[in-house]
Amino acid sequence: MNKEISVVEIMKEIENNAKKERMLNDSQRLNNLDIKSLKDIEFPELNNQDFLISSKLRLRKVENKGIFTRPINYLLRKFYFALRYLLDSLIVSQEKFNIFANNFILENEKKEIDFDYFDFSSEFRTNASNNLDLYLPFFKDSKNALDLGFGNGEFLQFLKKHNIQGQGVDSNKDFVEKMKGLDFDVYEADLIKFLEDNNDIYDGVFCAQVAEHLDNFNLLKLVSLVFKSLKENSYFIMETINVKSLSVFTNSVYKDLTHIRPIHPDLLRYIFKKAGFKDVSLIFSSEFKNEEKLKKVEEKSDNDKVLNSNLDILNEIIFAPQDYAVVGKK
Amino acid sequence: MQLLEKNKICFVLPWFGENIVGGAEKEARQLIKYLSKYFEIEILSTTVKDFFSDWNLNYYKEGIYRELGVLVRRFDVDKVDRTEFHNVNRLLMQGKNPNAYDEKVYLEGIINSKNLLNFIKLNKDNYKYFFFMPYMFGTTINGVLNVLDKSVLIPCLHDESYAKMTIFNDVFHKAFRVFFHMNSEKNLAEKLYGTSPSYRVVGEGVNFNFSGDSKKFYEKFKIKNFYLFIGRKDEGKNISLLLKWFRLYKKKNPSDLKLVLIGPLKIEGDEDIIDLGFLPENEKYDAISASLGLINLSLYESFSLVVLESAFLKKVVIVLSNCETTKEHCLNGNMGLYVKDYYEFSSSLKYLEKNPDIAKKLGENGYNYAVTNFSFEIVINKILENLL
Amino acid sequence: MRIDQFVSNFSFGDAVSNNVRYIKKELNKRGIKSDIFTQYRDQYSEKECKIYTEFSDKNAVIIMHSSTYSDIHNFLEKLNNKKILFYHNITPSKFFIGFNDFFVTHLEKARNQLKNLYKIYDFAVSVSEFNIQELKEIGFKKVFKVPLFIDFNKLKYTNFDNEILNKYNTNEDKLFFLGRFAPNKKQDDIIKTFYIYNKYFNQNSRLILAGDYKGQENYYSKILSLIKHLSLENFVDIYGKISNETMCSLYKKSNLFFSMSEHEGFFVPVMEAYFFNIPVFAYDFGAVKETMNNGGILFNNKDFIVLSEEIFKILNDKIYLKEILNKQKSSLSKFVSECNDFKLYQIILENI
């Protein structure tokens, strides 16, 4: 059957399609419309509310009726609004200045010295951690670990060896370049700033031979920032030189220009606890070999026994392990 | 249809000639040709050459001529200082609503011939009917008002500023018959001047003796997959709207669809819009046959011959729904689409692309509509019926 | 035992202050002395509270309500009392960029202050999981969820505003949003969606926006400008700060509660809409989803056409609407029953 075509029906279909296209076009146009680009509507009406410049200072508008009331109220409103705007802008400027001044002061507190740490560390023994295996249990389940101040990268290499994903941060450009060249995920940044600006959550943080380079303010800040950036039930390990071993005072403590002061293990443990860490424990490492310590004598007499026990005490004080690490769990 | 006795009728036209360009002029020549079967026809005209020439110049000498098989009486044109007329006319052309002053100036300056009017007054009884066309010239205005009960007005009315002059209230009401081409034209007259029993819709005759050869067109111009526009490329035909819509359509729907323009006045084309300028009639018809269809977005048409020519060649048309005349063709003939904004325009092009068989059917409908309603035989019959 | 409350701003009619009042009432019922200390208060609330510097009891347990920057935190830090933080969420400053610089700085300050609060307070409570998560992220180890107090009696026993009832006694589709005019509430997105809905789905529709614009005059002015730009003046009604009667009347007469807010700590209007039995159609962000608790309809994608289609469906498909309202009713009754036991008190007892 040859159905007669009706132009009226065809136009209905065309009108429908046109409507859809029009609607899509409108929708796109609205999507691209940023209301900030629109012109302001004339000074919005402020109704009958009292106008507050600040909630401490409340100015009432004139209530009495009279031929001057309306113009006076109008002028008052304009005045209040202008004044408030002025004060608000002053406050904003003040805030901005405060922030600027703060930053300026912080920047200038940190005085730069011309000390090539990279060169220095290659000259001297850099207290490389041979003790990394001790720390493995705390990182074995990590999927996203962080090495703060990775230096020569021993810990990062260690993580890689055990197939653990990790990032590294160091403020020394040369260390960063070296590790970047070896294809590690590393960043050049001030450690504190990195933790402040970064929103990542890590499930294991390692920080070795850094604490003695931080002043008190920054040390406390670092520990607390690390706490925030940790996932629950993961660990933060901070390794540093052990002041309870006198040997370090003849060796590491004063050999590095950038050392500020060493930290006593009890103190660092306390800092960890105060920052919120649980199960805070100590691990000692970098022990002296027996041949390096004071040698005991053959015990032939009572004097020998006394001598040997004194030697034990001396060995404990002088040749205690050179490093310790505080382990804290979030 | 019984033959009327061969009475004498005359056509009163401001100018006359075989080659005069213009819709009304061409229509007059056709009517004369076909009506001469039923009447003895004389032409009354002025000595002015045509619309574009100097109206103060007697191009012809006053006298009797024989042209196109009919007797032509040319009368001296009234010479008038038309400075003020041109000022007023310029504003009227831009669409200004005429006030009393405008009307006065217009009536004083519009082409007129005292001699012609005198002849009519003296010889009124010798003719059965006086046909006047188109509406806005002095020959028509004064002529109708002088022969009232014998006047047949073929106004070719448009919705323009001239039509709003108060003089036409008289002219349209006092004429014996007013013949309109389309219902939309009659509706316009009713809107402007009120209804009248003398209003009749007779249509307009079209000589459907042409054909188009699409292969010839392609051989010469190497263009295919295009829609066609035919007409003067000015605002009267809404050319800038067409170009705007087509360009926007191409931007949003890339393809190799093109728009071809034919007619006087050249415009800047681009890779999608090709202006072929003015072409002879046979090439014009070839173009129509080679096209996907005709697009006519003009707002003011009293008949739109070009739409019917396209319909006769079985091509679909796209027109503006705001133009009553072209919309009437589409609806009555079930032969075209009428759009109101860019989105309907775009939607129509997409529809026709998706449904080429329907486009073909609409074209065929157009053919039937054209020959059934607008062949000269039909139109002349209607005229004769309505003269009784 | 004393349990005293601190709050930065104490005034009439805002959600935080009402919560403070509710807690005080419930504590008093259980024979516990409790006062309210504040820094800024309005004229209507002067008698109910004291200025925070007057506080001196060394043994009182302290609840501090926080929703903005406050000097009170610094004041409390120095005290040795047991302290609890009741967190009411701080809007992120990013929304106000370009609208109100003062607010941007102010909210940044508030957020910065928030970062250190876990050191001052023994534990924290809040009214949504969304808030709780934020608290955990800034370092609180002990956090608890308590239901937000909403006074349903005020909704139940209120007189209606007859003018409003008459005005909206029409068969128009009435979309309603109640919330401060502020960039995070996204009234501009609501208006844009409504433009599409009104133009292409149902011209016989109306958008009602009610909320205080004080402090956000800039954003409010842009909203007015947007309405004018889209020629919607005849279809959008704006109300400023409204009375309880007006609010209830608007809820009663509306057909849909529509929200595109991009930050909510709890979103009280959801419960109010549930109470007045109108469907809720809201953008899924923050605490919105958990507050809606399976009732109403959530959406993730701000495609104006898709949203309009859904609104049309909700308002015209009777069966669909009935389903939505039924789920809302059950969410509401769950909430009300939670609301009624004063959980906060138990938490305090167990953790102090």
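We just call them A, B and C in the order they show up, numbering each chain from 1.
Please note the rule applied: contacts are C-beta pairs under 8 Å (C-beta built on N, C-alpha and C of every residue); 3 or more make two chains touch, one makes a residue touch a chain.
Note that the structure is predicted; figures quoted are calculated from it, not measured.
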{"item": "Central chain (by mean CA position)", "value": "C"}
{"item": "From subunit A, the most remote chain by mean C-alpha position", "value": "B"}
{"item": "CA centroid of subunit A to CA centroid of subunit B, Å", "value": "83"}
{"item": "Separation of subunit A from subunit C, taking each centre as the mean of its C-alpha atoms, in whole Å", "value": "33"}
{"item": "Interchain centroid distance [CA atoms averaged], subunit B/subunit C, Å", "value": "70"}
{"item": "Contacts with two or more other chains, residues of subunit B listed in rising order", "value": "none"}
{"item": "Junction residues of subunit A, two or more chains touched", "value": "19, 22"}
{"item": "Junction residues of subunit C - those touching two or more other chains", "value": "none"}
{"item": "Subunit A residues within the subunit B interface of the complex", "value": "4-8, 10-11, 13-15, 17-19, 21-22, 25"}
{"item": "Subunit A - residues contacting subunit C, complex", "value": "19, 22-24, 26-27, 30-31, 33, 35-36, 38-41, 44, 47, 49, 55-56, 58, 88-89, 91-92, 95-96, 227-228, 276"}
{"item": "Subunit A partner contacts - residues on subunit C that touch it in the complex", "value": "9, 40-43, 98-99, 101-102, 105, 109, 138-139, 141, 188, 192, 195-196, 199-200, 213-214, 217-218, 220-226, 228-229, 240-241, 303-305"}
{"item": "Subunit B residues touching subunit A - in the complex, by the definition given at the top", "value": "330-331, 334-339, 341, 343-344, 346-348, 350-351, 358, 361-362, 365"}
